[in-house]
Amino acid sequence: MSKTLFASRGNLVGLLLLAVLLLVVFPLVFDIFRLNLVGKYLTYAFVALGLVLCWGNAGILSLGQGVFFGLGGYCMAMFLKLEASSPENTKIQSTPGIPDFMDWNQVTALPWFWEPFHSLSFSLVAVVVVPALFAFVIGLAMFKRRVGGVYFAIITQAIAAILTILIVGQQGYTGGINGITDLRTLKGWDIRTDHAKLILYFINGGLLLGALLLAQFVQQTKLGRLLVAMRDKEDRVRFSGYDVSSFRIFVFCFAAGLAAIGGAMFTLQVGFMSSSFIGIVPSIEMVIYCAVGGRSSLIGAVYGTLLINFGRSLLSESFPQLWQFAMGGLFIAIVMVFPDGLAGLYQTYAAPLIARRFRSGRGGGRIAAASTGSRVH
Amino acid sequence: MPTQNDFVLSVEDLAVSFDGFKAVDDLTFYVDKNEILVIIGPNGAGKTTVLDLICGRTKAIAGSIKFHGEELTAKTEHEIVRAGVGRKFQNPSIYETLTVFENLEISYPRGRSVFGALFFRTDAAVRERIAEVAEMIFLEDCLSMRAEYLSHGQKQWLEIGMLLIQDPDLLMLDEPVAGMSVGERVKTAELLNRIIRDRSVLVIEHDMKFVEDIAHKVIVLHQGKIISQGAMAKVKADPKVVEVYLGH
Amino acid sequence: MLMGYSFADLGSIFAMQAFAGLSLFSVFLLMALGLAIIFGQMGVINMAHGEFMILGAYVTYLCSGFFSAFLPGLYAIYFLVAMVLAFVVAGALGMAVEWLMIRHLYRRPLDTLLATWGLSLVLQQAYRSIFGAREVGVELPEWMMGSTHLSETIDIPINGLFVMALTVLITACVFAMMFRSSWGKKVRAVVQNRTMAGAVGIDTERVDRYTFGIGCGIAGVAGSAFTMIGSTGPTSGQLYIVDTFLVVVFGGAQSLLGTIASAFSISQAQSTMEFFLSGSMAKVLVLLGVVGILMLRPQGLFVIKVRR
């Protein structure tokens, strides 16, 4: 169909612009400290991408995406922690060779579920598979029984709360409220140096663009259109012979997998992982990143994430009190005034301008105009 | 009563209740091949509930529903659809933001699994089939129009088309001519009479003129029970039917 | 595990544990009642429910300060005044919020959730700016201090008993309002069929506003009652919100009776498990149990089967 062609051409321009911004402009403009910070923000964008598919397109609002971000991050952190806890490094402990927090909590042997994380390949697989599997179990239980809407939101929120309490409570096995800290090397490669941070930033940016492409692919397939269709007309889709629940389970797992990659990249770039990225507050904040970008716009989600986090660091450095007011106001304003977020503003104000410029320039404005109509609802 | 396997659909001793209220009670009827069966009856007689039961939306508490000899009561909705039962809702249920073409495309019965849908491509066969169905439902000139801009009657046709593209053996239509002009109604009757050659149709309708045009057989439902059935002329003359339904 | 205790000891332990369970029950029930009206009856997700409770608590705190400074003679009954004020203030704020925000979002429940979350952030920061980040507590009037000795080993604190009695009273009031008053009849009519209720002359917008206001008012009273057994900080409300929603959903959203039953079972389960396990593990297991049951039975404990 011609429409898809135009839409993807518009998307391609957007994607290229984003790639230039992430991989060229930011590294040139920011020093390594700031760049590392941007890299941290970009790991949240993975979660926002998943939410675009899950919430924006499929209408499933998960308030527990922090769970998957955290699980991915913990899987990575467990590997790094074990590497940092070699018997030589920990010979002053009463039990050398186990992570320091275990030693402090009178744990004398490595728990069974830590054992496989000695292997890097296992850990990398676990980063994606563990959260996706967890999402699969939740999704299977909920979607097969047709739980959706606000109930799904509340239950995923409860799961986020439960996991936080569990991790904080079991500090001998999880590092408790401090999380897993003091991570040093990845297969002998020191991740704390400026050089390593620069490389990790590019890996993260590359992965994010890859995730964006993948999500865009999913959005444009029949599956993507079915997700939107079952958001709006669930019964019609069901009575066209589709098993609605399996599609929802798929997109929920997909979003969980993306969030988990973000979590793992967070651990690598920031050097620790803790339960404070799992609970209710971070999980719902990730939803607003997606909402600011415009719910069903993938590129918008990345910009939304960046915008809020830049805003936070700017405001909370100078006016710490103001930040929470701003954040609260943002939630309200996005819902009440700008439900289509940045993408909506762009479509209403910027896109017609660009289209006019194109038309007066060389009469090719149909590209932008066509892509305007196709993705907003 | 022995189940006759040559029927397309056999519903036997079907019952369902909502908090003690029996919406459908001890219902038995059969749909034959190439037959248009119309269910009529006053509001609340349980007509829509019967369709809900057949397509799996509501679970029966007793009785059996056999489709080509296959029990449907234990199946999920999508399994029933895949077995060959299509259902149109009372209010036209189409994807308003998609074009007519896309509405038909998304209903095309290929790529129904998650990964099937992920790698589905609209090839020549799909396009050909869509064109064929669009012509059948009088929408061949509207393919690129967004469905929300169709007239009410055209939306009804589009939904019928979305069922037809799946080539079901049994088509269940809940009030297909509600809100249609006289001209559209006549065309719809024509459409039904044309598609019946390959399948059976079960219709719920209030429009008596339309029922007379299409029905091979009529069932009158009242308070969840059949009070009369047979040819339209016979049913119309039944004093019980006149009393509860046609009289006023 | 039970070795080493005499029968008398065990009896006392169970009695105390049962009382702790009942205390928790009244806390859960108080929190959930307002939400059961707003969520159960109106279908509105109010994530700022906890902040409305905290508002009631702060009102009570201010009242106690006012009475001890200006009317020390009447300090014994300041709490009654505080409760009424808490109801009025939280209710008024609730109605304002309904008018400004909620009524535009009735068809978008998920958006209501996000908007009220924003409201909760704003309220929290407002509390922090006004009252400071530290927790505040009220001084109990003398008659509420101490405890009754039921036997040599069983002590029941009076403030706990008072909160329980208060819970019973408030619950009775809510039931009377919902099932005996004409207002309750209107609310139920609007819930069941908004269009029809409007057609028979019920001002549905007004009913919505008052229902939301009363739900928030009850939250305020609950917060007021909490000051009797604990202190209040700007983020205290957020700690309760998940429990509160689970209680309401677990009970079956549309059933007030279900809310009571679920508050009772969750609180008893938690306090019993706390005896055997650490507090956090007990909470994890109880919440997991609730979530697990909800996955098997998403409609909650009590449900009305309706024809679609």
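Just so it is clear, A, B and C label the chains in written order, and each chain counts residues from 1 on its own.
Keep this in mind: a contact is a pair of C-beta atoms (placed from the backbone, for glycine too) under 8 Å apart; a residue touches a chain by one contact, two chains touch by 3 or more.
Predicted, not measured: the structure shown is a model, and the values here were computed from it.
In this assembly, B is the chain whose CA centroid lies farthest from the centroid of chain A. Chain centroids computed from C-alpha atoms place A closest to the centre of all protein C-alpha atoms shown.
Chain A and chain C have Cα centroids separated by 34 Å.
Chain B and chain C have Cα centroids separated by 49 Å. Here the CA centre of chain A is 44 Å from the CA centre of chain B.
Multi-chain contact residues of chain A (touching two or more other chains) are absent. Multi-chain contact residues of chain B (touching two or more other chains) are listed as 57. The set of chain C residues touching two or more other chains is empty. By the touch criterion given at the top, residues 55, 59, 61, 141-142, 145-147, 149-151, 153-155, 157-159, 161-162, 165-166, 168-169, 280-281, 284, 287-288, 291, 321, 324-325, 327-336, 339 of chain A touch chain C in their complex.
Across the complex, chain C meets chain A through its residues 45, 101, 104-105, 108-115, 117-126, 128-129, 238, 241-242, 245-246, 249, 278, 280-281, 283-284, 287-288, 290-291, 294-296, 298. Interface of chain A with chain B (complex): residues 1, 218, 221-223, 225-226, 228-229, 232-233, 235-236, 238-244, 246-247, 250, 377. Residues of chain B touching chain A in their complex: 55, 57, 76-78, 81-82, 86-87, 89, 93-98, 101-102, 105-107, 109, 111-114, 117-120, 122, 162, 166.
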